[in-house]
Structures are given as C-alpha cells and as structure tokens.
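Multiple structures are listed underneath, in structure tokens.
Shared between the two complexes below is subunit A, which has subunit B as its partner in the first and subunit C in the second.
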Partner chain A sequence: MAVYKRGYQRYQGPVTGHAMRLLAMPRYAWERLMQQRLMIVMLALSCIWPLLCAVFIYISNHTELWSGLGGGVSKMLEINGQFFLIFMNTQATFSVMLAAMAGPGLIAPDLANNALPLYFSRPLTRFDYVLARLTTLVGMLSLVTWVPGLALFFMQVGMAQSGWFGKNWDLGLGILAGFLMWILIVSLVALASSAYVKWKLIAGALILGFFFILAGVAAMINGVFRVDWGSLINPSKAMYSVWCWLMGVETPRGMDVSSCVGVLVGLVFLLGMVLERKLRPVEVIS
Partner chain B sequence: MSPRFQMRQAWTIATIEMRRAFFSKRAFWVYLLALFPSVIFIGHGIDSKIRLDRYKSRGVVAPAALDSIRAGMTDQEVIAKLGAASEDDSHTSRKRERTGDDEDGKRKWEEKVTHHRRLAYFDGSRRANFWFEEGILRDSQVGELLNFEEDRSVFAAVFQYFYLRLAIFFGCLGIFMNLFRGEMLDKTLHFWFLAPARREVLLLGKYLAGLVASSVIFTAGALLCFAAMLWPHSPSEVAAYWQGSGMGHTFRYALAAMLGCVGYGSVFLAAGLLLRNPIIPAVVLLTWEGINGFLPDVLQKLSVLYYLQSLCPVPAPTDPGMPALLKLILSPAAPASPWVAVLGLLAVTALVLWAAAQAVKRLEINYSTE
Partner chain C sequence: MAAPVIELNNLKVQLGRREILLGISCRLGVSGSGKAIGLLGPNGAGKSTLIQTLLGFHQPLSGSARVLGFDCHRNMRAVRERIGYMPESDSFIANMTAVQFLRLMGELSGLPRETALEKAHEVLFHVGLGEARYRTLGTYSLGMKQMAKLAQAIVHGPELVILDEPTNGLDPAARQRMLKLVREMKEQHGMNVVLCSHLLRDVEEVCDEVVIMKNGLVVHHADLEAERRSNKRFVELEVTGDDRELDRVLHEAGADGVSEGGGRWRIVLPQDFELAALWKLLAAGGLHVRKLTHRRDTLEEIFLKAVGHIQHTPGEAAAAEGQEVGVHGGL
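Right, the complex of A and B next:
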C-alpha cells in the first residue's frame, strides 16, 4: 500500500477541562429535547400534580378556610411523610414516561449510525460518555422530581408554624435522596434499553415495559405463591419501600428495606453491565 | 376486482408476514410474555405437590382436632390434643424496654425476655401454624395447601391484570407496530407498495398476519396457564369443574384473549401508520386503561379493557393494599352482556381499521425522517 506524505498533525495544545467536555453532550441533548413539542407537553403535564399539592399545602396551613368542618379534617390535611410519599409516587410515574420519551434518543442513534468511534476519538472515555448521557436524563427528570418536591417542602416550611422544620427536616432530605436514587434507576434503565435495542421506537416501549411488566410479574408471583417477597423484583415497589423508610412511614408488608436496597444495587450493577457490554466503539460482525 | 379476489390477495400477504411474526428473533420476547405465567403456575403446582408429600410423610392429624384449638391454650394442651408437631421450633427474644426515670432523672431500662415457640400440623388438606409466647397460644394461621376456588380467583387476577393489561397490550404493541413502522425502519416498505395490490388489501393482509400470530400466541399462553392452574388439584375437583362451568370459562378466557388481540392490534396498527413515535399512543392508552375503573360509567365504556373484562367469567379481586381513598372512588361499571362486548369491540376495530386504511392510502415513504 502506498504511503503518502502525512500532512496531518495531531492537536497538541491545551484541551478544555474535563467537566466542560462532559457537559457539552448534555447541553446539546437538552437543547434538542426542548425543541420537541411533546416533551414540553409532558413536562407541563408533570407540573399539574405539584401545583395541586401546593394548593393542598396552602389550604392545610390556612385553618380559617376549614375550621368549621370538624376535627377529622385537620388530620386529613396534615402535611407529613405520607403526603410527600403520595407526591413522590405520582411524580415517579411521570418520570418513567419522560424517560421513555427522552431516553431512547440518547444512545440508540449513536449505535445505529456507528457514531461511537467519533465520540471516543475525542478525549472522552466510555465512562465519560455514559456519565454525560446520564447527566442529560438526570437534569431532565430533576425538573419533575426533587426540584418541585423541595419547592413544596420549603413552601410548607415557610407557611407552617416555626417548629415544623425542626421536627420534619428529614423529610426534605428524604425527598432529595429518594428522588436521586429513583432518577439513577430510571436513567440507567433508559440508557440500557437504548443501548440494547438500537431502535428508538422499541427502546421507548422497553423502558415502559420494564417497569410495568416487572410490576405485573411481581404481583403475579405474590398472588400465585401467596408470598410477599415477589415484590422485590418490582423496582418501583422496592424503591417505594426505601422511600417509606426515608419518610418515616410504615414499609409495605414483606418488604425489608435492606433487601430492597440490595435489589436496587443489584439492578444498578446489572444495568451498568449491559451498558459496559453494549457501548463499544467497534462491532464484530459474524 | 371482486372482494373474494382481494381476500385471496390479503391472505397471500398474511401468509408471508406470518412467518416473520411467528419466527423472527424480534418475536421471542412475545413468547416469553405469553408463556411466563404458565411457568409460574407450573412452579406453584410442583411446589404444592412437594409440600403435600412432605407434610403427609410427617404425620396427619384429624381435622376436627385441628379445629378445636383456641387462642389462650398452652403448648402442652395443644400437643396433648394433636400429638407431636410436624415442625417444632422455638427461640428467645430479648427487648430493652423503658420502665421510667429514676430520682436523678436517668432513664431506667429493663430487659424483657420472651420465649417463642411455633408448632405446625397438617390434616391432609390444611396446614396449621400455631405461635406461642411464654407457652400461651397467641396467633394461629390455618390454610388449605391447595384451594381450588382461591386458585381460580388468582387465575382471574393474573388473566385480567397481567394478560389483558400488560402481556397482550405490550405484545400487540410490538407485533402490530412492527408491521408498518418496523418495515419503515428496515427501509423495506416500498417493496410491499410495489406489489400489485391495493394499499387497503396490504393493510388487511398485514393485520391478519399480526392477528393470527398474536391470537395464537396469547390464547395458547392463557390456556396453558389455565391448564397449569388446574393440574395440581385433585382429579375429582377438576372433573366436577369440567362438568359444571369449566368449559364455558375456558371458552370465555380464550375469547377475551383473542378479542384483546383484535382490539389492541387494530389500535396499534393504526398508531404505527399515523404516528412516528409509538410511545405516545402506548402511554395514552396505558393511562386510559389504567384509570378505567375510576372513570364515570360512560367513559369506562370507551376502552378496550371494559369489553374484555365483561367477557371474563370470574371478576378479578381488587388489590387489598389499595389506599382507602382510591377504594372509595373506584366504581367499576356494570359489565356489558357478552354479545354487546363482542359486537362493541368488533365495531371499534372496524372503525379503527377504516381510519388506518385511509392513512395507508395517503402514505408517502420518506425513510430519511425515520
């Protein structure tokens, strides 16, 4: 083979900082996602429940609005761990739907169009690539999870009597920690699905199917074998148990928190393995 | 062209497509969805049979003696009545309890030691567990190892919550979306459009292929699951069931599974033609079907699930863990009569297929946008 004169010289100058390099991908991805009308509609829909919760907090803290309705109402309108747990549950559902819309477009097109070698020819490792994609989803899902959650918490702190924060500061911490764990799981499922099937369409269905079908399988095992441990294979239920523990609410029957944490850690490890296996810049065609 | 000729064309297309729908690698997960409940029921059957043999080998007590045990009896009284237990284990728990404060204001603690004992018996069909604290019977649990009525109720729940809402739903999403949208992604749809057949005939052929594949897979899956549920029960119970309502129930479950494929299949086929992203109809339909029971009666009737549930012979039990507030607003509409259910679903399917036919006639392929 002829060897021609090499006119190309590798760039040897200073490179952008690592954090900035990582943020380049999410920056473009967020821009692209925000251009999708459907994503905006979904984000707007996700804000309805936090707004309703804000109204609930307002009513709860204005006793003059319901003082004539009897003593049982005050118990019903109490802002406690159970209230935030219901809020978290609803927003978690929206976060799965958002991930099913935003997630498939993050890795699948890169794999389908053989774009990975282009990424990895730059000063980016595979870990950086996954982290950048994860950051995209974390940023997107944060908008509907812990951000409104903490906004509601601080709204309650501002409106409640002075001692409320002292007694319930751990709820705020629970909202943040609980949602961050959930976002990690949902994002990893979305990325792994996107990497596994290459097709955006199927990846979206796989993300939805993962959560809904595993929930169905868990309920089926519990029903057929008359046990409670089947719920452990349902990541949503396992996470719910961890949230209950964080928010000081009684955990569901048969759901030991340490087992749930173990299952979730195992799931993260498994999804990490899928990403490690699928995200390779070369493909061996047999 | 006569309708008969067009049907022949549609069937030719269907036979070609069916091979793909049944045997492609992409269809593997559909089989998994359809057959997984059977695996669970077979596992339950094996587990029950093993436990039955094990308990029988450890001794059987008289049912009347088992029923005579009451709370408050001592462990010695129970052993005197029932004999040695098939399982007998005990442990001691220690718990620190605050008893109050002393004069200096320091907390006073006392260690409480409790002796626990569990005795287990079997009367040939029922398994009983008795829990004692300090030798006194505090709690008991008596349950049949194999309960036919309970298993039928569990199957009804599995069929309605897993098969209809999840397996058939996602299975049809995969199969029917793949018929047109999959071809667009593979950049092969234009080959079909070059065939000398009208687009509506192509649509019908593809729909038939998806329908045959999904109906066979999911109806067979549901029937296999039903057989697996019946298998561990005593032959006399099963024979009595077949002589009674058994055959009718089997037929109605098979019909519901098949009509589920008819209804969801048409919706997802049309969605595959009208929308580029299948997640949107999937999410909308999943949400709509999920909140079905909480909607007013009129709106409940605008869902596929309402008609399918009307065909099911045994009502599915509600989730006992459902919050009280949700239980309060849950108001399932009265089921439709079987004829209305079947005709309603077929009418909706015909309407959706007509809309899909209009869409496929106007369809222009632009692979670059996929």
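Right, the complex of A and C next:
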C-alpha cells in the first residue's frame, strides 16, 4: 500500500545496536561531504603526492632505469625513514586543509540550528556524539594519510629485496601510529573550532589559523628569547619530532620527544575540555 | 502493576548556583495507558528544567526521577530509547530535507535503515508535510517546522512523547491540527504524552492529568477529569416575579441557592441535577428567567488559584456560599 494511504503506525519491531546508531551519523556526514565538489577536488589533489611517491618507489626498485647515473643518485633514491617522513609531512598539510573544509560543517550547523537537544534526547551521550563526529573526520583523513602511507610501505615491501622488510618493519608501524596521532589532533582541533564558532567560514579559518598562528608564535618565542623550546607550542613541530623518532630520523634541535608527546597529550586534553564545555544539550547560565 | 509514566522522589536540581527544583515528589500517569499529562506553571516555575532532567540533560542534586520505571540518570539510555522529545525552540538540521532528517533521527533511535526511510515518509504524511518532504528544513515556515519537530519525536514510535510548547507560533487551524495529532497519539496509538504549555486551553483540550508548578515546586496535581467532576456546578440566574419561595424549592430539590437581591441568584447544583429540572422548578414557581449562566470552573481558574492569583475558584466560592446558606437558612 502507498505510504500516503497507509497512515502512521507506531514502530514496535526490533531496534539496531548502539554501534549501528553511532555509525549512522558518520554515514550521513560522508554522504553530504561527498556531494561537495570542492571536497572531491581536494581529495583528488591529496592523491597526487602519494602517486608520485609510488612512481619514486617503482623507479628506486628498478636499478636498470638509473644504473648509469652513479652512486650519489643511488643514495638519493633510497627508500628509508626520511622518504616516508617527507611523504608524511606533505600529506599532513593536505589533511589540515581537508579538515578545515570538512570540520566546520560537522558541529557548527548543529549548534547554529540548536539540533543538539534532538541528538541528546535519543540514546546518545555527548561522548557518543563526539565519537561519531570524530569518526567522520578520522575516516576521511585516513584516506589521505595512513591508508596511502601503508599502501606505499607495502608496495616497497613487495618490490624491494627480501631483507628490506626485516630491517624496516618499524617504518610501517611508525606511519600508522604517527598518522593516527596526527589525524586525532587535527580532527579534535577541527571539532573544537566548529564547536566554538557557529559560523562555518570562521570555524574553517580558525582551524587553519590554529596551526599557522601557533607556528608563528613558536618562532617568535624562539627568536626573542634565543631558545629552542618555543617550538613545543607548535603542534605541527611537536608532531614532526615524534614522527622523526618513529621513523628513526634525527629529531630537530631542542625538541625532546617525551616533551613533545606531553605537549600533544596536553593539547588533546585541552581540546577535549573545549568540546565538553561547548557540546551541551542546553546552555546553563550560572 | 504498570509503572507510572513519571515518578519523582524528592527531586532537587541545581543549575549553576541556583536551585531550580526544590524537592518534587509525585507519580504521574500509568505507562501504556495512552493518557496525556499537562505540565503548567508560570515562567521560571521549573517546567523546562523538569523536562530536561527527565531527558537526562541535568543531573539531580538529590532525589530521583524515573520515567516508565527507569531512573533518568542511571538508565539514561533505556529512558531515551522509549521517549520522543519535541523541544520548544527551533531545532533542526538546516541543509537536510525533511525525509533525510527524519530518517537520520529514526536511525539514531534504533530503526533499521530501510524501516527508518519508510517511517520518515509515513510520519511526514501523517503530520501533513507529505508534499513538502523533499524540501530542506531551512525553507520551512514556522508552522511546518513545528510539525517536523513533532514528526521527529514520533518517527520511532516511542512509548512517551514529551512536547514542549507544541502550539507555539501556530495559526488557529494549525493549532487545531497539532492538538488533533496529539489526541490521536494517545487515543489511537496508545502513547503517553507530557504536554508542557502556557496555553491552558491546549492543556484543557488534550490532557487527562495536570501538574501545576510554581517556584520549583508542584503546587497542584490533579486528575483533570476528576477535578472537573468534583467542581460543583453552579448557575448564575436572574429572574422576574416573586422569588421568595425559590430558596425553599431549591433546597427541596437538593440544590443550594443564594439570593443576591433584585432577582439575582447563585445556585450550586448537585452532580446529577439536570438543568432542565431547574427550568421546570422556575416555571412551576411562576418565575420568568431573564438570564441563566451555567458554567464550571475552567482550568484557567484552577491554575490561577494554584499559583496564588485568586483565593477560590468561582465554583468553590459559590459552594462556600451555598454551604453558608444551608447553615444560616438564607441571607
């Protein structure tokens, strides 16, 4: 029978589990994000560098293509931690730009249209809501970070001689762990900005500003006080130091890895606090 | 025995430094009975805070609140699975069509994907938004948004629907439609309804039970139907002719009357006293009726008494005068 003829009937059948309900939010968000042309263009641009890296890996593993170029080139074409570090740096930049485009549309419209009571009157907690929004961003950023990163790693494993994986297996773990930490930070910054500012455009600018302004302030502190520890307040630099450690590359001067991890954990805590404070079903004025 | 829809036990809620609910205890409704509970009170009485506490938005300072037998704080998820909530203010996702919005809300409440889509269409036709269901919610008029809010509250077929000012901003026709839908929800679909409204007529038209709050306390809780029945019916009468015997005649018929002079009378009728019998009495006494007003206490009068604006409802006042007449044998 046609729906309009049937009339309303109360649903009394089985209900889905908690995980399925949670996943409904990222699914809808991805659907909407993929309808944006700019987002598709940005995702396509983010794939260019991994493709170039894949070509590089192919060339470096086919000695017959560059055997006549001498030993210096051989050293330059080596696939090692430094190579993956460069890959990670580039993709991290794209991930920030993608987060700046996708992040503001996740929470800001819910706040602007007072939609939070509708979510929280359903069997969802604030933690569930943040988790669902985080899943949206983490899922999307994964496409341009650790997924191509691991694909390149395994491509190298497949093409290199058998001893390469034994010597460099930790690079794969480093790529995964390093990128997961990074996209967690970027996603939380995006969500916190989106929760703090109700206007999407300003929230997007805030996300970009967060990384660029902090980098500027860090450089200023280093310059004025003639120190190195100023870079600790630059989350990108702190993360870079952790990546260097994970990839077995020398860390930048004055950047102790444990301090960097501490700074990043503190940042996650702070961003969590912002979300906890802003995402309430009703505003209480004390 | 079925659990009460709402059970409050010395519930205290503090927001910031201010205590909003000051220890409320009451049991309202019976789950599965398909009855509506009206929540009334002046601004700042604590109605919204109570609703939000029932939804688990606020943690009680002390005491407890249970909905359909589940503790609102400890079993928040179980409570929220069973209720639908229509907030007072505009709440929607602007760039979604009504179908997408309701489908998402249905899925978040636990409906399987296909069922959620089916129910979204079904409920949109039910609330009269069938033709506009593919329009984005941001383009809806205020009345349409109210209907969309109602639709999202019932898309998953909850046991209890909490409606916060559902007729706000509606024109008279849309208001009637909204009230009709609320009546259908309880009468045809067996849902329990909590209706929070400033419009006493809305509550009077729809609700079976009413709670009146003031300054964070419940000042009046009554079964509305029983309240109406218990209000003595009274008649304001104006006659011409010799009415000296009327007091005795009324007394013999079981009614109490008070003469106000000039042929004006106030008469309290017993519950089973038909108005036609009064006409017969007056005709038999040779009295000509110039004016006869037959009325009961309205919810507004009950409300005004509960919040302290009047001391007695007109019905109570007339009853008191009637008793006085009985004692003193007339004025």
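Note that in this section the second predicted complex is superposed on the first by the 268 of 286 C-alpha atoms of A that agree within 3 Å, B and C clash if a C-alpha of one lies under 4 Å from a C-alpha of the other, contacts with A are read in each partner's own complex, and residues count from 1 in each chain.
Note that contacts are C-beta pairs under 8 Å (C-beta built on N, C-alpha and C of every residue); 3 or more make two chains touch, one makes a residue touch a chain.
Note that this is a predicted model, so its numbers are computed, not measured.
If you count the residues of subunit A touched by subunit B and by subunit C, you find the higher number for C. Contacts of A:28 after superposition: subunit C is touched, whereas subunit B is not reached. When the two structures are aligned on the shared chain, A:252 is found in touch with subunit B, with no touch to subunit C. In the overlay built on the shared chain, the residue A:119 is in contact with subunit C alone; subunit B does not reach it.
When the two complexes are overlaid on their common chain A, residue A:213 makes contact with subunit B while staying clear of subunit C.
Once chain A of one complex is fitted onto chain A of the other, the partner contacts of A:15 are limited to subunit C, with no touch recorded for subunit B.
Taken together, the two complexes place no residue of subunit A in contact with both subunit B and subunit C.
Within the complex formed with subunit B, the residues of subunit A that make contact are 38, 97, 100-101, 104, 199, 201-202, 204-205, 208-209, 212-213, 216-217, 219-221, 223-225, 252-253. By the touch criterion given at the top, residues 3-4, 6-16, 20-21, 24-25, 28, 32, 109-110, 112-115, 117-125, 280-282, 284-286 of subunit A touch subunit C in their complex. Subunit B meets subunit A in the complex at residues 33, 36-37, 40-41, 43-44, 47, 154, 157-158, 161-162, 165-167, 170, 173-174, 177, 181, 185, 277-280, 282-283, 286, 321. Residue ranges on subunit C touching subunit A, taken from their complex, read 15-18, 52, 55-58, 76-77, 80-81, 83-85, 87, 89-95, 100, 104-105, 107-112, 115, 118-119, 121-123, 125-126, 130, 152, 154, 156-157, 189-191.
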